[in-house]
Amino acid sequence: MTYLSFHADKPLDFVAIGRLCVDLNANEINRPMEETVTFTKYVGGSPANITIGMSRLGKRCAFVGKVSDDQMGRFIVQYLERNGISTSNVVTDRTGAVTGLAFTEIKSPTDCSILMYRDHAADLNLQPGEVREELIAQAKMLLISGTALAKSPSREAVFQALHYAKKYGVVIAFDIDYRPYTWTSAEETAVYYNLAAEKCDVIIGTREEFDIMERFEDNQAHLDRITADKWFDHSAQIVIIKHGKEGSIAYARDGSEHRARSFPANVVKTFGAGDAYAAGFLYGMLQGWTIGKSMEHGSAAACIVISSHSCSDAMPTAEQVQRFIEQSKREEVK
Amino acid sequence: MTYLSFHADKPLDFVAIGRLCVDLNANEINRPMEETVTFTKYVGGSPANITIGMSRLGKRCAFVGKVSDDQMGRFIVQYLERNGISTSNVVTDRTGAVTGLAFTEIKSPTDCSILMYRDHAADLNLQPGEVREELIAQAKMLLISGTALAKSPSREAVFQALHYAKKYGVVIAFDIDYRPYTWTSAEETAVYYNLAAEKCDVIIGTREEFDIMERFEDNQAHLDRITADKWFDHSAQIVIIKHGKEGSIAYARDGSEHRARSFPANVVKTFGAGDAYAAGFLYGMLQGWTIGKSMEHGSAAACIVISSHSCSDAMPTAEQVQRFIEQSKREEVK
Amino acid sequence: MTYLSFHADKPLDFVAIGRLCVDLNANEINRPMEETVTFTKYVGGSPANITIGMSRLGKRCAFVGKVSDDQMGRFIVQYLERNGISTSNVVTDRTGAVTGLAFTEIKSPTDCSILMYRDHAADLNLQPGEVREELIAQAKMLLISGTALAKSPSREAVFQALHYAKKYGVVIAFDIDYRPYTWTSAEETAVYYNLAAEKCDVIIGTREEFDIMERFEDNQAHLDRITADKWFDHSAQIVIIKHGKEGSIAYARDGSEHRARSFPANVVKTFGAGDAYAAGFLYGMLQGWTIGKSMEHGSAAACIVISSHSCSDAMPTAEQVQRFIEQSKREEVK
Amino acid sequence: MTYLSFHADKPLDFVAIGRLCVDLNANEINRPMEETVTFTKYVGGSPANITIGMSRLGKRCAFVGKVSDDQMGRFIVQYLERNGISTSNVVTDRTGAVTGLAFTEIKSPTDCSILMYRDHAADLNLQPGEVREELIAQAKMLLISGTALAKSPSREAVFQALHYAKKYGVVIAFDIDYRPYTWTSAEETAVYYNLAAEKCDVIIGTREEFDIMERFEDNQAHLDRITADKWFDHSAQIVIIKHGKEGSIAYARDGSEHRARSFPANVVKTFGAGDAYAAGFLYGMLQGWTIGKSMEHGSAAACIVISSHSCSDAMPTAEQVQRFIEQSKREEVK
C-alpha cells in the first residue's frame, strides 16, 4: 500500500530546512575531551546530514538555511555543493553570527557526548521571508528538523516553509531532533513541536522525543499506539517511534504496524545514527518501497555511519547500503 | 441558522486571554499631549475591555492573564472583580515586570493617538503552564487577542489555551487587534496570526488587519470574499471584516453575507469602538441571535463607547444598548 | 575660607548631566495608589530638579541629556526652556526609547513610595559622543547624578563629561542619588560610584548612599569622618553626608566640620527634599557663601519643596528661600 | 635608574586577570581556513599567554579568571596548573557560558587572521566580588588586559582588582590588547581604557591601540611623546609604544626614551608576538634590569614565539631567550 503520494513531475526530490553547523570530531578517541589534542572538521547538523545522505543515495536535493559570513560558513556551502546539493536558498548571515559548533567527545563507543556552541548561531537567523516559495514548490518532499523551531526567526521560517509545502502538495517529513539547549522551556518546546507536527505527513522521533511533545497530554504509560493515533487526527500518514537498539516501530494511518530491528555493528560512536536512518527510510519512501523495506534500508545506513568517525562524510551510497544488508544476511545465515 | 453551537451546561459563558493594562486618558482633550496636565486611570487592553463589556451585558466571565506585582496590577485585579469577572486565573508576575500603559491623546474626535509603554510588560510574561485547563474547559466561548501573540511566553500561552479550547469543544473567537509595537517583524506577525486563526470559529478584524495576515497570500485586490473563504478551509464559521465608518461585513461558512452600518455618533474619541463592537456581537452569538441582530448590537455598543471619555468604564449594559438602538431608530424616522 | 574656585569668566554657571523623566503625582493623596484616580504630570529626575532649582535661584543653566521622540520628551524640553535652561545639548533619542516615569504614591506625609518605569528609558541612551565638549568647557560647575551611571551608554557619557570637566577646570559636584532599579548588582554600583567620585570636588549623599559606595571598604561603624577622609585622598574638597531629619554634616578638606539642622515643615511628601537641598547648597557655593550659610539655604529650599505637591515645579526662588529663613527665625524667637 | 619598586617580601611575583580561552590552530598552514581539515587545541588569551610565559621564565604566578563548566574549562585549568600557575582564583562559571575560541588561519606568514567565538564567553562573566583581595595583596605585580574591560561584569572585576592593587602597593601593568569584537562602540572602548590606564604604572600597546584610547584627545599627528606624557600626569612610570617590525619605544617618567629593534625571525605566524614581548619585558622589570635590557629580552621572546606553531605552548624559558640573544648577536657579527 502507498501511504505517501509524490508529485512525479517535480524537479527536486528532497529539500530540507534548518541547522547547518560544523562538527569538530576528536581524533584521539576513547578518552575525555580534556585530553584530546586534535580535531577534524566536518559539516554537521541533523538536516544537513540527512540531506547529504539523501544526495549520496542519488536523490536531487536542495537546502534552505543560513550560514555565517566567514570561513566556516563558506566551508559548509562548498561541501554541500561538492555533494551535489543545491545551495541557491542557503543565505549568508550579515549580522555577525557564527556557525554553530559541535565538539564530539568519544570516551567509549557507548559513552559519547557533545559540547555545543549555539550562541548567536547563524542558522537560527533564517527569516521567514528568506524561504523561497518557488523552491519549496519544486520539491517532492520537505524535511523539517526540530532544532530549527527552537528560536525566532528560524522558527517562523519553518512555519513559512510548512505553509508553502501545504500549498503545493509537498510531502512533509518531520525529524523531531530535540536538543535541550537553545529552547527556553519544556513548555515552549511542546507548543511548537505540536503546532509543526500537526501539518506533517511523516513524523520520526525517539520515544523520549515524543514524550516531550506530550507534555500536556494524557499518555502516562508512554504507549506508542496512543502517540501515533493522536497524529492521525491531523495530517500524519506514518509515525515512526525509535527505541534505540531495540529497533523502531512505524505506525501507518491504515492501522498497520511495522517493526525493524537494528543491525549488529562495530560501533565507533553513536552520533549520526538517527540522521542516517531518516535518510535511508525517506529514500525508500521516495522510491515507492514498502515501509518495511524502507526501515531496513534506514537501519543499515545507520549501522554504517556509527561504524565510522564522522556523520556527514560517512553517509553511504545506495550500493553501499545494499551490499551491507546482503552481507549482514549472509553472516546471519552462517 | 445557527453557526456556532455552545455547550449549554458550562458554568462560564466567556473567558478571554491576553493583555491587561492601564489607560491614562488625558483629561484636557482637543490638544496635544505636550499640553496635557492631568490624566485619569482606567483598566485597558482590548481583551480586558471586551470582557468587561461582556460582563456588563450580563454574561458570566473569567480572565486568563498576568499582572505586575505592584499597585497597577492590584488596581486591575480589583477592577475586574468589582465588575464580576473571575480572576482565579489572573497570575501575578514575580520578575519585576510592569503594567503596560497607554497614554491617550485626543487632539480632535478624529485625530487620536496612543503613547504606549510596553517594555517589560507583565501581561506578555504569561506562561503556557499557567493557563488552567479546567477553566478553559468550563467556558462556552474563548476569546483570544492578537497582541498576546506578539511575544514569548505569552504567545505560547495563547496556543496552549487554543489547544485546551479545541479539546473541550469551546467556541473560539479571535479579535485580531494588531498593534505594531512589540512585534519584531511583519513576517513574524503574519506567521503567528495565521497559525492562530486556523483554529478559530469566529475571526474579527479590520480590512487592514486582514491584509497583514495575508502578507504571503495572493489577494492583491484585498477582496473580503477571498479573505473569508481562506478561513472556511480551516475552522472558521464566521469572518467579520470591519470597514470603519462604512460599517462591517460578516461572512458565514454557508456562503451568506451580512452587512451592518454604523450608528451616527457624537464622537469624543475613536478608542474602544472595536472592543465594544466585539463584546456586543459575541454577546448576540451567545444569546443565539442572528448574525444581523448581533452586528447591530455590536455597532450600537461601539457608538456608546466612542461618545464617552473611557473605554472599559463606558461599556454599556444590555438595556443601555437596547435603549440606544430604539432611540436611534425613532430619530431616524423623524 | 574658599573651598571651591570657579572660573569667573565662564558664560554658564551650572550644567547638569543625567536623568530627565516625568513624574505623575497622584492628585488624591493619603491613600494607596490602587485607589488613586487622577495624576498630574511634572518634569522629574534628580538632576533635572536640581537644574530647575538652580535656574529659579537665578543661575545660568544648561542640561546634557536625552529625551524620547514623543510627546513626553517634547514636554520635558519645553518645560526646561520655559524655565530658562539651555537645551542645546538635550538630544532626542531615535531608537524608540520612552521617557522614564515615576508614579508617586503618598499614603501619608511619612509613607511615600514611587512606582518607576525605567525599562528602555531614553535618558540612559545618551552616548559619550553626544556630550558636547564646548558646553562643558563653558560652565563653572558640572553636576553629575548617580542614576546616569546605572547603565551603558549613559554611564560612559558621564565619564566623558567628567573628562571634559577636568580638562577645563570645571568644579564637579556629585549627587549620589542611588536608586536600586536599573543597576545589575550592588558590586557594580560600588565600582562605578567610586570611579566617578574620585574625580569630584563636592560629593553629596545620605549615610545609606555612602554605605553602598563603601561595599569593599573597612568602615563597619559607618563613621562619617572615615567616609569623608577617603575622598580627600582624591579630588574632593567638600563631602556632605545627609542624615534625614537629623540634619546634615559637611566635611571640608581643611579638616573642618559644618552641621546644619532641618527646618520644621508642614510636610506633604518627602520627595524632592534632596534635590532642593543640593540646588540650594550648590547655589551658595557659586555665590561664594560659607559652607554653613549654603547648607542653611539648602535646608530651607528642601523644606519649601516638601510642603508642596510637586518637586520640580515647587523649586523656590532666592527671595522665597530668604523669606522662608527669616520667617522661620522669627517664629523660633516667639 | 629604577622606575618600578616592588615589595620584596611578597610571595607571588605576578598575577594576571582576564581572558582565558582556547586557540584552535590550523594544522594545515599557508591556505584559507575553508580548506583546513584539522586543528590543534592550545590554551590562549593574551593574559593567559603572558602568565604562562612568565611562569616559564621562572616567576611565581597566579591567575584571576573564570572558565566554563565543561571540558574546555577543565582543560585550561589543568594546563595552567601543569605550568605551575596557581588557579586558586580561577572560578568556574555556573551559568552555561562557554570557553571563548580562536580559530587561527595562516594563509602566509604575513597574512594571518583569527575567527573568534566570544558570545557568552565564561571569562567575561567574572564578578568583582569573585576577585580575591588577599591574592592581589600577595603579588608584586598585577597585569590587566584590555579585553577583560570589554563587557560587564568582567569590566568591573578589573576595576576591583585595580582598587586592591592600589591599596596594597602592587605594581600594575596594562597590556592594551584591543580586540574590536565584544566592544559596543569605539567611544565606550576609549572611556574604559582611559579610566583603567590612569591607575597603571606600566602601559604597553601598539601605536594603533594608543590611537583608540586617544579618540577624544588632540594628538592628530599620533606623536608617541604626547601619548606618553599624558599618562605621566597620572600613575604611569613607563609607557611602551610598539611599532611592529620597526621595533618599540619605551618612555619613562624621568623623560628618558629607550628604543628596541626586532630580531630577524623565521616567521610562521604573527600571533603571540605581543604576549611574548610583554612577558619578557615585565620579567626584566621584576629582575631589576634596565629598560633596555628588558626590552631586548621581550623582543627575543617574541621572535621565538612567532617561529613556532602555538602561542602559549611556545613560550620560552629564560635560558632559551638568553641563548637566542647570544646566537643572534653572533650571527650578526658574521
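Think of it as A, B, C and D in the order they're written, each chain with its own count starting at 1.
Here is the rule we go by: contacts are C-beta pairs under 8 Å (C-beta built on N, C-alpha and C of every residue); 3 or more make two chains touch, one makes a residue touch a chain.
Each chain and its UniProt protein: A, B, C, D = 5-dehydro-2-deoxygluconokinase.
A quick note: this is a predicted structure, and the numbers were derived from the prediction, not measured.
Participant: Which contact partners do chain C and chain D have in common?
Facilitator: Per touch definition, common to chain C and chain D: zero chains.
Participant: So which of A-D, A-B or B-C matches C-D, with over half of the contact pairs the same residue numbers?
Facilitator: A-B
Participant: If I average the CA coordinates per chain, which chain comes out farthest from chain D?
Facilitator: The chain lying farthest from chain D is B.
Participant: I'd like to verify one number: the distance from the centre of chain A to the centre of chain B, where each centre is the average of its C-alpha atoms, in whole angstrom.
Facilitator: That pair's centroid distance is 41 Å.
Participant: Could you put a whole-Å number on the gap between the CA centroids of chain B and chain C?
Facilitator: Here chain B and chain C have centroids separated by 45 Å.
Participant: Measure off the straight-line distance from the CA centroid of chain B to the CA centroid of chain D, and report it in whole Å.
Facilitator: Spacing between the chain centres: roughly 61 Å.
Participant: Pull out every residue in chain D that's touching 2 or more other chains.
Facilitator: none
Participant: If every chain is a node and each touching pair gets an edge, what shape is that graph: line, ring, star, complete or other?
Facilitator: ring
Participant: Okay, in this complex, where on chain B does chain C touch?
Facilitator: Per the stated touch rule, the residues are 24, 27, 32-34, 36-41, 70-72, 74-75, 78, 98, 101, 103, 105, 115, 117, 119-120.
Participant: Report the residues of chain B in contact with chain A in the complex, numbered from low to high.
Facilitator: Contacts found on chain B: 127-129, 133, 152-153, 156, 159-160, 163, 184-185, 187-188, 190-192, 194-195, 216.
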